[in-house]
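Order of writing sets the chain letters: A, B, C and D. Residues in each chain are counted from 1.
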């Protein structure tokens, strides 16, 4: 696929797999709208006043049907939008097609190479004359990374004339980032600094993306205000937990059709994502074993009847392995060598380095048999037995299935919309410094409230006397900041 | 698609969607073999002695990957095999391709018309010169139906010269059956009677197929011995229950990507299939309501915390409706009209008449919008709201997903293999009359035992003294016939 | 406690712990009546016609509050009743007191010795002049045993003059039975034969009691017709399953207050009782391991995510052991020696010989520390660690808690009432021979139906056309005899 | 019971129900020690250095077997201890007896009047000469309340000569508090101020106790440093959640023996306690309906398949009502009037004002029938139907059963020990001001770690490189402060 930008008849740029899938995408977008009451309520509440009038928003977030409803909520509120995916396998091509045709500039397709991925990210941030976006929606933090690395390189270049050297890193992906920045420096040595100047702020929606932001805040490197949407209760305790409870078995079934009941499944990590995965596997009839570093999470697993062991303890007995840690080097090739024939190995944490794909790919004599896209059997020469790796170690729920369902994404994305609104509305007030913020609890509660009606729930109202008794306002927020839900 | 038979280079007949998918099919068959220990154990135990040498087996059973492993177990034991599907949507084309290329005559593809379906059934039974099959594997009973109707028509024709009149029935499908038989009468007025003569027996594997057999037994119409495989414990309490627990959410997710958590789901019928469906939906976080006619099953549902109401009570509040009854006229168009916008309606019972598709299709002004194959939105003119019907009311797990997973099908199909062996081995002994039989308990237990090792289980052995105490042999069978598990 | 019969002011015999608890018993009986809709419906339907007028009923069945409601249903239908418990620990003394005072002759108290137990059984069967009961309700089969052994001894005595020799058996309990019969022979050498003559029939309500009946039927030894109430669906699939799911954790908590979450629990046997126990433990957060001899039940356990191993595999790792097998010699002293300190060992099968209590009691140097009644810690001398044995190895749910709750017992006991009615009504018709029968399905369905209203359920009604389609009457029965639910 | 203090032979004061139960208490304490690894680890780690040497600790916390192990951990670390219960029904008399005889001054028995309760609290705080305790362990905050009210009254008295007027309040309990303080003023007008002077700090362990502390902190009224133990993860996410999941059904079963399966249960409040209760009821087979004021918690309930309605919506249909809110006026007498006959009403939140007991008791014509202690049936005159109220509206798990099991209390109480140690060790450093603190995360993780071995868990160790990647120390703490688990 040649990396050239295409244009719609109205002149909007895009690069998608197949624009003819737009009709199909539109049908599914319409179905999703019914399942995303939070976003639709935002359109109803804020649409008339067009609060994003004049705002340019760049988004780096899995280009799915649900994201399409998010994008069209942003445009319905007046924004101009450019978009790329934040994972090479997660794009739903019919969603990308519908958005490209109807609503926003999109640079994303399922099965990008890493080069194509970062090309798309760069396109997404490039608004031509006048610098970059006003706001960014950055799921895993790759857009933020590119801007920060770009600014760093430009400053270094200005000071010392040195350009980034892709050979300075072993990391295949970071090589590409450095290459892009190096090449950009030649044409415009202040591109990323202009971007930074314009940028009002960004919001990040995954544990991983947020972790990067806090690290930058700590070192003082953060170049703009950021809202940590991931740690809204209505995000992390819903999307991460219930979303994965839904999408893990979905991905397993679509990729392998394997019966989960009766199997031994190992879930590495028992955070919100791990809790959702373990619950799904247990409910489907698997015997679930958890690995954990944190004694508190380990004790939670035990209270749910799950065994807590190390990966080494069970590597040769289990049938299904899922990584959910947000850490790296969880399942190494040396583990994989010891697994049972046709053991399934997959990752539902944000990055693919939870599984040692490099070690696997470079294992002497290993043979890769692609059953179907995103489902590979890797056969080891010593035993002639194989393991099945999903989505090449990347997010299996997006690579092998369609990600999280609309309803739970509506919770997450309503947080994104509210965060973007907050940043934009306060752009001149100085309320937000170059730090990481979370949304105030009353907005978190509002997001939840917008999703109750669809499920037929009826809330109880506090009386004034009851509210006083527990020292909260009648309309909330109802809980102290440290409350854990 | 023109209905002409094709031939492999070796001369074997077939009609499939695309023979080039055979390699993909073969890869998935190889994966499935690892998950089907019962069938593989049959190959190991019986393969060497070739017990089916000389036997012709015709099968009418969903042409999936798992069925491919069944077919190749039958051929590994010496049989010659012809196959058709027993549902117009349930064929997996890559499975059909692999079998057609490598192992048996197949007439099946996903998305047949009813005419094509019955054409395939007829092809499957037609072994050319020398009559029909020696044995039939008949899941839902359609092959059995065709033979019985054929014989009846031939006898009537011989007696009175009258041929079947397709216009004598309102049932669209039965019209086709009568047409086929009528047309066949012209070329060979004793075809089905010759078939009957040769036929040693058949085995049936669904509640529906078995019900038909018992009805025919009762009226004395049954033309050959039949083994009711459905009521092996290792079939009905596994395939029906755990298979559907797996495949119902799989079908829902693939077809609609809808979040199950938080939804109100109605399961019509709480037999084995209904129990599996209700368990899956409850575990996924839905609130499940059951409809039942049988007070015992209703009380079971209540003991599991499920509400038992009538469809009328909940039709306008629920989000998901699943029929599992094996009965007809469960969800009528008048119900569907009252449902919420985008309520999902689907059937996982054997036949599509659980849902009033005819009523829906002929509803004045109704509009059908196909989201994707097997997922249709039907919009009612009065409300302009729609419902989503899966697989056109047919088996949604096979139409929208890939049916039951290999492991549980291994239980079911090992019963089929054992039943076929039993019929064939006893063909000359008179052991089996023109009645319906179930497999003896020790064979049922054997099927289970063949599946334990794969899951790492270790059985306890009775001592002689213990066995005497409970009056069973040390090696089983361990339970009286009436035991319910 | 001297074994002398006491009498109420009206002259009715009894022997209970403390008649002054009758008021408390009455209050709890009144609560239970609200929870036992099946029995109350029997009173409403049959009470006016007094069908048991003139019938003497002897019952050997745990003398609990629920049994009190059963007894008073029998008396409300016109019967005269005598009662004993069928377990030395299972009597609820306040229930016994209320019945003794108000309704029937009772010989039962919590904590009987074995001698007292069999004395009570004999009293229960002894109706004075005119022989024994017309009908017996015999849970575990001890009343039936006594009659059969009595008749055998009388016939032997008449033939040979030989009396039973208690020293001929090692079984402590059977020694007592033989002693009672021997002593009885002296005063009346045809007592049990007269009893047999009068007896119309009996009903049995546990797996164990029923097993004995079938063994006697097989050898032709059965002296009267018997109805197997245990295998009514509304008994075995409710009482055994849901009753134990309720009462196992109840007994564990009352006896030990131990936290179940996080523990490793071994359930020996995965029949209906084992399924209920395993479900309860799993839901409470334990990790459950099942032992099984039957591959089918083992495979069911695996499908629910439970590990299947042998007792030897896990004896030193588990925290809780429950026997549910109905067999003997399941947990031997040699197992108990290897258990962790304070491992809990208990039995919920009918008889105490599932646990090797004799081996434990006679283990050299073992020390018994009674924490509280029915909760003993046994300390082994080698390790100075101990295990906790509940209810001395007898039914822990009745010994340590109050048995099954009223609602599920209402299902079981309504079957008992209907069985007794059936035997009595058909006493002169010859319908029932000296065989074991189960209740017809329409009565089983009726029992279920009587319990739906209390739980707010609404049944769906078949149309005539639907009923014809599935070949059942509109009013049921709805399932074939072999259906497993 | 006359309120006079008794003394052991060694001169230690106490007031308990029956000292002869001390042996029984000791046996159960020894069992509990095996289940409380956190406390036993504290004894092993800190015992030798006697860190509490010279410290006086007063505790107001349910005087149960588990608390006995806590008390003896404090004394094993060198403290001198006085104790009272924090609920009139929660004392286990055998536990109190064992502690009174062996370890500490105890003033507590099951079934205190409110006067007796506050007398016990006063005794607990009264260390004779030299003022009060150095440290207090205050579960619900009553000891803290008494001190604060006492100081307030003394200051007012000194300033104005006015003494507290019990008639100034309608609250029956607060009347007693004022009376005690008023009477104390006469004998020593600076008693509570001396107490305050000496007091190093306190720790509180319930949502309710902590809420009071934060309110006092907010108004500046807090007289000493306090550690909020309730909000340790290893407390609120374990004790509140898993403890109640265990003890709610335990209390229901012991009090009523009612079958939970099939019932409709309403859980008011879906915080940690409500989540535990709802999980237990659902798993036991009830249909659970939640009432909530907080949209986030409501959405969590929906995701678990629970219906969210208002109490008014379901008051006449449900069988079981549980309050868990920590608020007041949840179930009013007007609700209770509308309930079904024998509906069960109980509270598992800290205070009894969740249920309108006053309204019930004073309802015209209402009749109270005590089934057994803590289980009352209240009959309304209009309908002659009744409801069953447990533990007079107080904590049903402690009133009707034995509270939370040892293992989970070990988590909570290890937090208490660590908090007390922290306050005592830092008493001269000024680290803790008159504010409310939570324990640092590494101590929280330590508490969890101390409980893993008992359950056979094996933690995974981070590599240095992994730790760096996620920016945490190899030894933890592993999560940011805002992490919700």
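By our rule, a contact is a pair of C-beta atoms (placed from the backbone, for glycine too) under 8 Å apart; a residue touches a chain by one contact, two chains touch by 3 or more.
Note that the coordinates shown come from a computational prediction; the quantities given were computed from them, not determined experimentally.
Colleague: Report the chain whose mean Cα position is at the greatest distance from that of chain C.
Modeller: Here the answer is chain A, farthest from chain C.
Colleague: When I count C-beta pairs in contact, which pair ends up with more: C-D or B-C?
Modeller: Pair with the higher count of C-beta contacts: B-C.
Colleague: Between chain B and chain C, what's the gap in Å when you average each chain's C-alpha atoms?
Modeller: 42
Colleague: What is the distance, in whole Å, between the centres of chain A and chain C, each centre taken as the mean of its C-alpha atoms?
Modeller: The answer is 58 Å.
Colleague: Among the residues of chain B, pick out those that touch two or more other chains and give their numbers.
Modeller: 242, 261-262, 285, 299, 302-303, 307, 455-456
Colleague: What residues on chain D touch chain B, complex-wise?
Modeller: Against chain B, chain D makes touches at 261-262, 282, 285-288, 299, 302-307.
Colleague: Looking at the complex, which residues from chain A come into contact with chain D?
Modeller: So the residues of chain A in touch with chain D come to 211, 214-215, 231, 233-234, 236-238, 242, 272, 291-300, 302-303, 307-311, 313, 326-329, 411, 438, 444-446, 448-449, 451-452, 455-463, 465-466, 469-471, 476, 478-482, 484-485.
Colleague: For the complex, give me every residue of chain C touching chain D.
Modeller: So the residues of chain C touching chain D come out as 24, 27-28, 31-32, 34-35, 65, 242, 245-246, 249-250, 253-254, 256-264, 283-285, 317, 341-342, 369, 371-372, 377, 388, 401-402, 404-408, 455-456.
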